[in-house]
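Labels run A, B, C, D, E and F following the written order; every chain starts at residue 1.
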Amino acid sequence: MRTAIFPGSFDPFTLGHMDVLESSLKLFDNIIIAVGFNSAKEKGYFKPELRVEMIKDIIRDKKNISVCSYSELTVELCKKLNVNYIVRGLRTTTDFELESVIAQANKKMKKDILTVFIPACQEYSFISSTVVRDVLIHNGDASMFLPENIDIEKYIEMNRK
Amino acid sequence: MRTAIFPGSFDPFTLGHMDVLESSLKLFDNIIIAVGFNSAKEKGYFKPELRVEMIKDIIRDKKNISVCSYSELTVELCKKLNVNYIVRGLRTTTDFELESVIAQANKKMKKDILTVFIPACQEYSFISSTVVRDVLIHNGDASMFLPENIDIEKYIEMNRK
Amino acid sequence: MRTAIFPGSFDPFTLGHMDVLESSLKLFDNIIIAVGFNSAKEKGYFKPELRVEMIKDIIRDKKNISVCSYSELTVELCKKLNVNYIVRGLRTTTDFELESVIAQANKKMKKDILTVFIPACQEYSFISSTVVRDVLIHNGDASMFLPENIDIEKYIEMNRK
Amino acid sequence: MRTAIFPGSFDPFTLGHMDVLESSLKLFDNIIIAVGFNSAKEKGYFKPELRVEMIKDIIRDKKNISVCSYSELTVELCKKLNVNYIVRGLRTTTDFELESVIAQANKKMKKDILTVFIPACQEYSFISSTVVRDVLIHNGDASMFLPENIDIEKYIEMNRK
Amino acid sequence: MRTAIFPGSFDPFTLGHMDVLESSLKLFDNIIIAVGFNSAKEKGYFKPELRVEMIKDIIRDKKNISVCSYSELTVELCKKLNVNYIVRGLRTTTDFELESVIAQANKKMKKDILTVFIPACQEYSFISSTVVRDVLIHNGDASMFLPENIDIEKYIEMNRK
Amino acid sequence: MRTAIFPGSFDPFTLGHMDVLESSLKLFDNIIIAVGFNSAKEKGYFKPELRVEMIKDIIRDKKNISVCSYSELTVELCKKLNVNYIVRGLRTTTDFELESVIAQANKKMKKDILTVFIPACQEYSFISSTVVRDVLIHNGDASMFLPENIDIEKYIEMNRK
């Protein structure tokens, strides 16, 4: 039984993340989507608890996936959950360099951590949370960037409260 | 008649932007310089209305160029202005990756949009608005990075008010 | 009337090239596809005259496009044809860096040359002539990477003679 | 039971490859190291059959690993072996871009193929087969780049025959 | 006698910086570590005066090194100190592009400035101040990323006041 | 007294190399330009002995510079000449990645070697030997890419013999 965490800020969870998630399910028996946030850092667009709710909504009919939020170091979460695999999607060379440094630092802090990279599928390679947030901030239609079964309007409404 | 928008934050408009503008005039019959800003995002250095004024000043003797500011999505501006071409300058590989993602997302949202990239000319390849702002913040002399006919001191003064 | 050359080795012309060609037709009134080859360099896979034939075949129903082959410097071809625009597609950051250097060198050798970059559309971003040649060399099915109306088997056959 | 192929030219198999192999064994139940070569392409340094022998030598005490050579497309090998996973190590952004294109092309040719990237460990990030070949060509000592249990002199000698 | 400044935000000074410093001492007779900060910009994690204190602590047994803080342009500091060399470490391609632009802009503003790049040693290539701050913010153990003779807990405590 | 080698294939020595050379003279007391070639590899354009002659011609009025050719590993040359510094120019991120790997491998093979990178000056950033060779192969005018005091036609003539 291999369990991996799929950490990210998921602000919000996009079709690109969905594709990485589906690829990960072919590699691991269980995936824990871990929504990271840090009160000291910038706030983001969606409140962390809403990001978790959205993901729960998106994966409601899927097996072997769970969701949690965390505010500690990713390696600390791995220790707590007794997980040795981290999975991350890669779209650009900038992603690659950033993620490589993090993977090496994580390995330094916890020797038995293995980070696995999944290349973005070509169809969704241009979808990033940044693009989606930019569309949402400008009241544009972001539905083409998001999983089909998510009612983004509902979450935007909830986020305003 | 081909009209393109040349979108950017232009905080401020530099010699590098001027070079892209002049190249664009060889490709298009009209260029609309579109100063993007977003109240929800970081403020920038120059107030958006001043950036527009500066550009008007810079292009005052040039034909076939106009300036506007906008706060909607770039594709929404294109729809409103009935323009199908976007022109962007490229300096670095980081620019290229970021701009490619945006170009693909824009095409996804408006099928007939064509984004055209102009490579930075070698002479101005090191000039970015970030560098210029950094010089201005430190009270340095930024005139070598800016179009000749602009009185930057005047705008810095106006920006303080 | 704006005419551009679209230079390349086109060994062979792929769906990715087709996409750049179609975008170019929105920017220019005429496009000259220029198949570059150099007897002193490596031979390539398809003979240059066959590459030209293939492209003629591919564009047979399209207007405002012509094909030629050339073995001189690209700027020399531009002078000969009295053309001031060069169009190139960009897929990766490696493409970008290589093409930027060439664009700057070309501008140095002929001041009024403007090189325009078209970003690869996301759908074909993974298609390169290298990938196609690799598939062909291994007798794989490359039809999904090539324009629909081309009978690649015929050209492979002709190339063997 | 998950089986992956680890394809490459392995000319020769380095400590960097060894690190990717060991990481892969944590992800998959079986790994097939697949030495690719193509008579039509450049010859390489070590003869393909020697590269296979060297790897057999290196993994002689390890379980769940096998070695083969192949000259078809990687996706064809996957079909033949009924394998749906490909594992590749990544060192540089150049690697990343090249491998992403190949992964996407492979997925296009065989829908259920999943390519997984393992980041080079920091300790061996500077070791490439190119560097090793360069040292060997100049009669330098390459032992620090190679798995401990390999007698590289023996294979250099065998390669000369 | 060649003196260089080694400018940076050093928030905090890491093992990676130490490695660049030690390489620089082989190139220059004196090194001035210059801690840059700007009241108008983001605050950073450690207060600038603490960063200077930490570095003084780290280099207390080393010769030919001094530390200062500055808030002007780096070229202005060079003029004031009558120094013509700037030394910077490079870890990633993103570093390289950013630093190249700054080096060219600095040369434009002060003709006789020479910027020298030192490649990160492979052992510390994954250590950045960003990674260290992230560990510190999450109350993790960052000692493996920091010079041995520094009592980071003391400075975290002082930073809180 | 600090002596550095400036290794390269210099096929041919360009204005870009000249700029790196002049920067190096500000850092080191002596520079040895080392023309590397390898009989087992591709031949290049100019014969190695002609490349050396050209450089001698170019530096004939300069002090503290010498030229040699070598066919061993660069670290072996360093040992032979008792030199601990290597200087290399960087133009692109591709250069940077390649050179970083080589610098780290060299350091692994000879602990006290320090590789120093000089960023290409913006004026010559588009000049590479590849571009120059391409111009020469096509009988173009490459004089704008080459040091002023070199009679390239003479060397082309000598190279033909």
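Simple rule for what comes next: a contact is a pair of C-beta atoms (placed from the backbone, for glycine too) under 8 Å apart; a residue touches a chain by one contact, two chains touch by 3 or more.
Predicted model only: the values in this text are computed from it and were never measured.
Enquirer: Need the graph distance between chain A and chain C over the touch network, please.
Expert: Minimum step count, chain A to chain C: 1.
Enquirer: Taking each chain's centre as the mean of its C-alpha atoms, give the chain farthest from chain D.
Expert: Most distant chain from chain D: B.
Enquirer: Contact counts by the stated rule: is the higher one at D-E or E-F?
Expert: Answer by contact count: E-F.
Enquirer: Do chain A and chain E, two copies of one chain sequence, contact each other through the same residue numbers, with over half in common, or through different ones?
Expert: Copies use mostly different positions to touch.
Enquirer: Give the pair among A-C, A-B or B-F whose set of contact pairs overlaps with that of C-D by over half, matching residues by number.
Expert: A-B
Enquirer: Measuring from the mean C-alpha position of chain A to the mean C-alpha position of chain F, what distance in angstrom results?
Expert: 47
Enquirer: Please report how many Å separate the Cα centroid of chain D from that of chain F, as a whole number.
Expert: Computed from C-alpha means, the inter-chain centre distance equals 33 Å.
Enquirer: When you check chain B against every other chain, which residues touch at least two of them?
Expert: Residues 93-94, 97, 100, 104, 108, 122, 125-126 of chain B touch two or more partner chains.
Enquirer: I'd like to see which chains touch which, written out pair by pair.
Expert: All chain pairs meeting the touch criterion are A-B, A-C, A-D, A-E, B-C, B-E, B-F, C-D, C-F, D-E, D-F, E-F.
Enquirer: What does chain A use to touch chain E in their complex?
Expert: Touching chain E from chain A are residues 38, 40-41, 71-73, 75-76, 93-94, 97, 100-102, 104-105, 108-109.
Enquirer: Sort out for me which residues of chain D touch chain A in the complex.
Expert: Its residues touching chain A are 2, 23, 26-27, 84-85, 90, 93, 96-97, 99-100, 103-104, 107-108, 114-122.
Enquirer: Name, in rising order, each residue of chain D that touches chain F in their complex.
Expert: My answer: residues 91-94, 125-128, 131, 134-135, 137-138, 140-141, 144-145.
Enquirer: Once bound in the complex, which stretches of chain F touch chain B?
Expert: Counting only chain F, the residues touching chain B are 93, 122-123, 125-126.
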